[in-house]
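Take a look at the following structure, please.
Chains: A, B, C and D, in written order; residue numbering restarts at 1 for each.
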Amino acid sequence: MARYVLRRIVTMSLALWLIITATFVIMHSVPGGPFSSEKNAPPAVMQNLNARYRLNDPYWKQYLDYLLNMARLDLGPSFKYDRSVNEIISQGFPVSAQLGAVAVSIALGAGVILGVAAAWKQNRWQDYTAMSLAALGFSVPSFILSGLLMYIFAYKLMWLPPAMWGGWQHAVMPALALSALPTAFIARLMRSSMLEVLQQDYIKTARAKGLSPAAILVNHALKNALMPVATYLGPLVAAVFTGSFVVETVFAIPGLGRYFVISVLNRDYTLILGLTVFYAVFLMLMNFIVDLVYMFLDPRIKLADDRGD
Amino acid sequence: MRKIFLILAALLVIALTGCGGGKAGEAAGKAKAPQVIRYNVCTEPETLDPAKSTGQPEGTILTNMFEGLVRYGPHNEIKPGIAREWNISPDGLVYTFKLREAKWSNGDPVTAKDFVYSWLRALDPQNAYEYAYQLFYVKGAEEYNSGKGRPEDVAVRAVDDLTLEVTLKAPAPQFLGLTAFPVLFPVNPGVDRETRDWPKVMEKYVVNGPFKPVKWDHNQKIELVKNEKYWDAQGVKLEKLEIYLIDNIDTGYNMYKAGQLDFQEEVPTQEMARLKAANEVKIFPDASVYFYRFNVTKKPFNDPRVRRAFAMAINRGEIVEKVAQAGQVPAYAFVPYGIPDADGKDFRQNAGNQFFEEDVAEAKRLLAEAGYPEGKGFPRVSILTNAHAGHQKVAQAIQQMWKQNLGVEVGITVQDWKVYLDSQDNLNYDICRSGWSPDYLDPMTFIDMFVTNGGNNDTGWSDKEYDALVARANFTGGQKARMEAMHQAESILMKEMPVMPIYFYTNPNLIKDNVKGVVIPPFAVYADFKNAYVE
Amino acid sequence: MQPLLKIEDLNVQFETRAGVLQAVRGINLEIGPGEALALVGESGCGKSAAAQSVLKLLPSPPARITRGGVFFAGENLTAMSEKELQRVRGRDIGFIFQDPMTSLNPTMKVGRQVVEVMYRHGEKDNKKNRERALEIFGLVGISNPGRRLDQYPHQLSGGMRQRVMAAIALACGPRLLIADEPTTAVDVTIQAQIMELLRDLQKKRGMSVLLITHDLSLVAGFARRVAVMYAGKIIETGTAEEVMNSPAHPYTRGLLASIPRLEVRPEERLAPVPGRPPVMINPPPGCPFRPRCPEAMYICAKIEPGETILGQGRIVSCWLAHPMAAESRPERL
Amino acid sequence: MTGVIRVLELRPEDFQALGDKGGPAEGLSADPLNYWRDVWRRLKANRAAVFGLTVIAVLVFFALAGPYLSGHTYDRQDLSMINQPPGAGFWFGTDCLGRDLFTRIWYGARISLLIGFVTGAVCLVIGVLYGGISGYAGGRVDDLMMRAVEVLGSIPFLLYVILLMVLMGPGLKAVFIALGAVYWLTVARIVRGQVLALKEQEYILAARVLGISPWRILTRHLIPNTMGPILVTLTLIIPEAIFTEAWLSFLGLGVSVPKASWGVLASEGMEGLRNYPWQLFFPAFFISLTMLAFNFVGDGIRDALDPRLRR
């Protein structure tokens, strides 16, 4: 186990280094700098700014400095905001993650139920209804969905507050908007994996045992059918927990997602790098956790270096 | 055109009638409504450090928390702030400010030393504040900031606790007004020395203005409450000012409709027609100009006839009415309305808004004269704009007008904001959308842009006579001569036309009817809530 | 004596895209209490469909019982509701499937898979159930049963897994055990052990067994009676001795000729007679075995043969058994 | 049934040995249909997939012909006719600059579908080559190449799309490249997996033993056999690209004005949602319809390839 974890850490670090390097290169080849503005400041002022943020250093030095700071878990100051990148992430991420957790729960719950219902009643109305719902989730772009939700529930019906982060009422619309696509995806994934499982011999065994359909579903089919969903969960959690630009700006959620867009638009170099690193680490971590969960779900799977018995 | 201005002026008066001081006091006395205003400034501020701030949203928030030496009144007049009175030497170089006995929100007295400390802090090259150059009028300031001089040589001096003496390197009538804005605000030296990141920590944040901050929820809102230690606390009616930081205007609009906002800085364009018809939107003057730059360093816009032809071949009235829709004023001059002339009247009104006329026939003639009859043989050129829906709409309307009126096919190039700035700075464009808002209420902030190699010229245009006129205006103490020089400069600019004015901005706002007494200045700050109240 | 299981004119169809597949075409079978019967045929002949139709285990759609019925201890299983059937399954009738590799839930400990049946059919005390499972594990010959209970299927060998399957089938002490090709997927040495086990259980517990197999060699010494199935019909029945010693149907003769010798590899055994069985979607007229039959006659291509009773419980469906065949082809006798 | 009874009048010659005259036994077995013809047959039997294909065909037709039907052009403004509701003159109404939305929708269809198809093609080329080479080479090369895919998979993809868009400037070409650059990973993974599995199969081994060049094996044997899963992936990537472009348009980074993709039209329409709902309805409807159509077709192909899932 320890060896396995160690090996994962080594490969993760290597991947991280590659990502930082690539981002650094692309980022600096994009025209425009963090301090360009409509009103051009005198050269002396620009000189001070560049000196302060070390943009006068040669690229290799900036790059090495960044790597060294990274090693100390310091992602540097934001060039645009009066906050450090660490602060921005630690303030935004919890909000995005909370909302993301709600959204993933909805997606998982609704997706699994829809998928199971569709598979269980294959080619009957339940199947068609569930799959039509899933298709809807697939087919509406998030900015339109968000806008429509707000228009209907906040503007017309006035059932929910239009925006901002507060009580549960504030989480309803953004969570729905965030979960539409993953719900649809999980529902379809669940349906096909459930159909696959339902054809397995052990399901027939379970029926021959005289088990009720509910018991077969819960005790024999569900766990086995959930495995492909578990694989998808790693990237999903990584994507949803780090926030969505559209949902966060439309519903005025103070999360992390917006920064993935505006950091680039602002050429906020440290923030771009910081977010990339954070996302990559988080994704790798989630995938690692998924592997562990998988091990729990499927006793046949063992970690590569942990062959017992 | 004149008519439109009058309407605008009337609007301003209507909007500001509620702001009369005496009436305000009475109304507030009777008011039962809770004195809370919820205002959306439409963006997360980059910083709340006055010296570091550069934008209007930051300026707006800071102006409600701090007070400089002076403060703008409801009619754009300069009123005493922390300075009780001031004296300017006849040569316009030495300013002596007498401070009143004001207090910081932590109880410390506000002294002249605080100003010295704050200004030197703003100029410190180590701090690298972008807008430090607003202090470059002060003798020794630029030298210190560029590392060539010492802080002791910056000519700002505390004569005693309540007397501040500033010496400028050249006469600059706009300097007094600048002291009303963030970079020149005082900060509390004790707090600044003790807690370097006080601008981020609301518990440590110490102010000397009408409101003090309690909470800053990033991308949500900043909560301000009345600062009881403010010298004019009596005049402050509001108990609480909630500044929302919602950047999606549509979302803000929905919140306004749902009764969660009282006031929003911006109005969704597609709502404008309906809101105007229903009288729900209030339009304030804005001393800014919307214009297109021409790249005069290369064909075809190196020919002033082509530039004039292009400027004459669009229908500004239609653009303002159908596209921009916020009651903007078509511009046939460069300096906007709302800037005082030497006689105290309006600079624009004095010179008129008619340096040229829209005349398609004349435009065609000019274009033919330049060698492109009916647009034939005209090189492929393109309008550069940043990726903003409104600008793209205007560009498309203009594109069609040029095609129809001149027979010239013009492309549109949309770039991301920073790339666009880069292209504009490096003259990588043919025609470039631009806008300019004043740093201070003086024509100079518009006129000095276009001096040869000026940092914000960005057209490649150069004219010796123009440069001489700007220099004369800059080094003449007398307002009359200064203004005269600038009027002349503007007429050269409009003859040569390196820039094509399109319209003068307005500032449309969504404000609930029961919100009174808000001052909405035409530049630098969106709204001053010092005397605001809820009816 | 009343038979324990009686299959009467059972017809099973599969609706496929290509058309209606007639998997079982009117079979009749009886198994008495404590009796072992073997249903023999190639894969695809409908024997598994018939066996699974006893408990209506085939997925419906596409499978459908179109005619006939199954009676268990006098009760009509075919007419029972799904709920009632669930009570019969696993309790009165146990089922062992062909492939122990896939027939056990890979993510559930085998002990629980056994206990589950007992829990379902009445005994809610899982501590007792566990003890019983331990007992049954011993009974089916699982060594070290205490440890095995808490293992997952992938940790067991193929033979061991088939024993677990047997344990599941036997958990509630059923009166009838249906073993569907219980030895196909395990290797030859294990095969003998499994058959030994089944024989043992049948004898000791007086249980009826319906053994489904393609391998006539397994039948000897296990089942008293044998039914041979081809293309959805039973083409020959009789006692094991009768069928083995004097087969009446050319197909049976073919099967017997291919009884495995050790040097023959298993996959060759699966096609004892040259050619493939027909797909029963709109089959042409005549005997379905005709294309592969070395002794086919003109009549065989025209009309499907009916049953000829050769003796008590000895029936064959073949034109060769027709008196006229004997006349026309004297050399056969 | 009555026929059977009549035929039961048996004659001795019926019992003559048939010998080999009965024809081959195979005649009775199911005809092994050609694989792809079978897939196509199954696809045609799937109503949703047929619906999807029809919709795509109709959309493509209108994308080609639509802009010429109404007599308006996509960029012709009439500032006196802004924000007109749908009616006789303007079938889908007009936008905020008085342009005919019907024409713009179909012009947008051209661009959006082009984005979908070209991005799909870019992904296909890169993904098939990369995955094919990786899987075919195997061993260390495969290991290294797949590690690279893994690393690329863990970057925040939208941030990179924006970075690339900003780097290249808005416009169709930039959209193709930016989207193609991030979506090919899936194709590469799938192709590689298929190639790995196929490589070990006997006919490939036989081809190798016969000394056929690796390139020929790759193009003649492996790639045709991986077509199925790739097609399914493409039906996911194409709408996804259209989707992402719409999202980029929302950020103002889509195609340049006055050209308009559905994404541009939809994000313009968002502003008018409260007052001019048709400006959002039409682009949103066609985006959704396209998504649905491609999804149906994708599901259909998958089911047709793997008939176990839908019987």
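Quick notes
Everything below uses one rule, namely that a residue touches a chain if its C-beta (ideal position, glycine included) is under 8 Å from a C-beta of that chain, and two chains touch if they have at least 3 such contacts.
Treat the numbers as computed from the prediction; the structure is a model and nothing was measured.
The chains in contact with subunit A as well as with subunit D are B, C.
Of all the chains shown, the one with its CA centroid nearest the global CA centroid is A. Set against the C-alpha centre of subunit B, every other chain centre is closer than that of C.
A count of contacting C-beta pairs for A-C and for A-B identifies A-B as the more extensively joined pair. Centroid to centroid, with C-alpha atoms defining each point, subunit B and subunit D lie 51 Å apart.
Subunit A and subunit B have centres, each the mean of its CA atoms, that are 40 Å apart. Between subunit B and subunit C the centroid-to-centroid distance comes to 91 Å (mean Cα coordinates, whole Å). Contact with two or more other chains is made by residues 166, 251, 270, 274, 311 of subunit D. Contact of a single residue of subunit B with at least two other chains is seen at positions 250, 416, 418-419.
A complete list of chain pairs in contact reads A-B, A-C, A-D, B-D, C-D. Those residues of subunit D whose C-beta lies close enough to touch subunit C in the complex are 4, 7-8, 10, 12-18, 22-30, 42, 45, 311.
Across the interface of their complex, subunit A is touched by residues 44, 46-49, 52, 54, 125-133, 136, 142, 145-147, 199-200, 217-221, 246-248, 250-251, 254-255, 257-258, 260, 416-419, 421-423, 425, 434-435, 439, 455-456 of subunit B.
Looking at the complex, you find that subunit A touches subunit C at residues 200-202, 204-212, 215, 219-220, 223-224, 297-300, 309. For subunit C in complex with subunit D, the residues that touch the partner chain are 16-18, 61-62, 274-276, 278-279, 281, 283-284, 288, 290-292, 295-303, 319, 322, 324-325, 327-329. Here subunit A touches subunit D in the complex through residues 11, 15, 18-19, 22-23, 26-27, 29-31, 122-123, 135-136, 138-144, 147-148, 151, 155, 188, 192, 195-196, 199, 242, 245-246, 260-261, 263-265, 272, 275-276, 279-280, 283-284, going by the rule given at the top.
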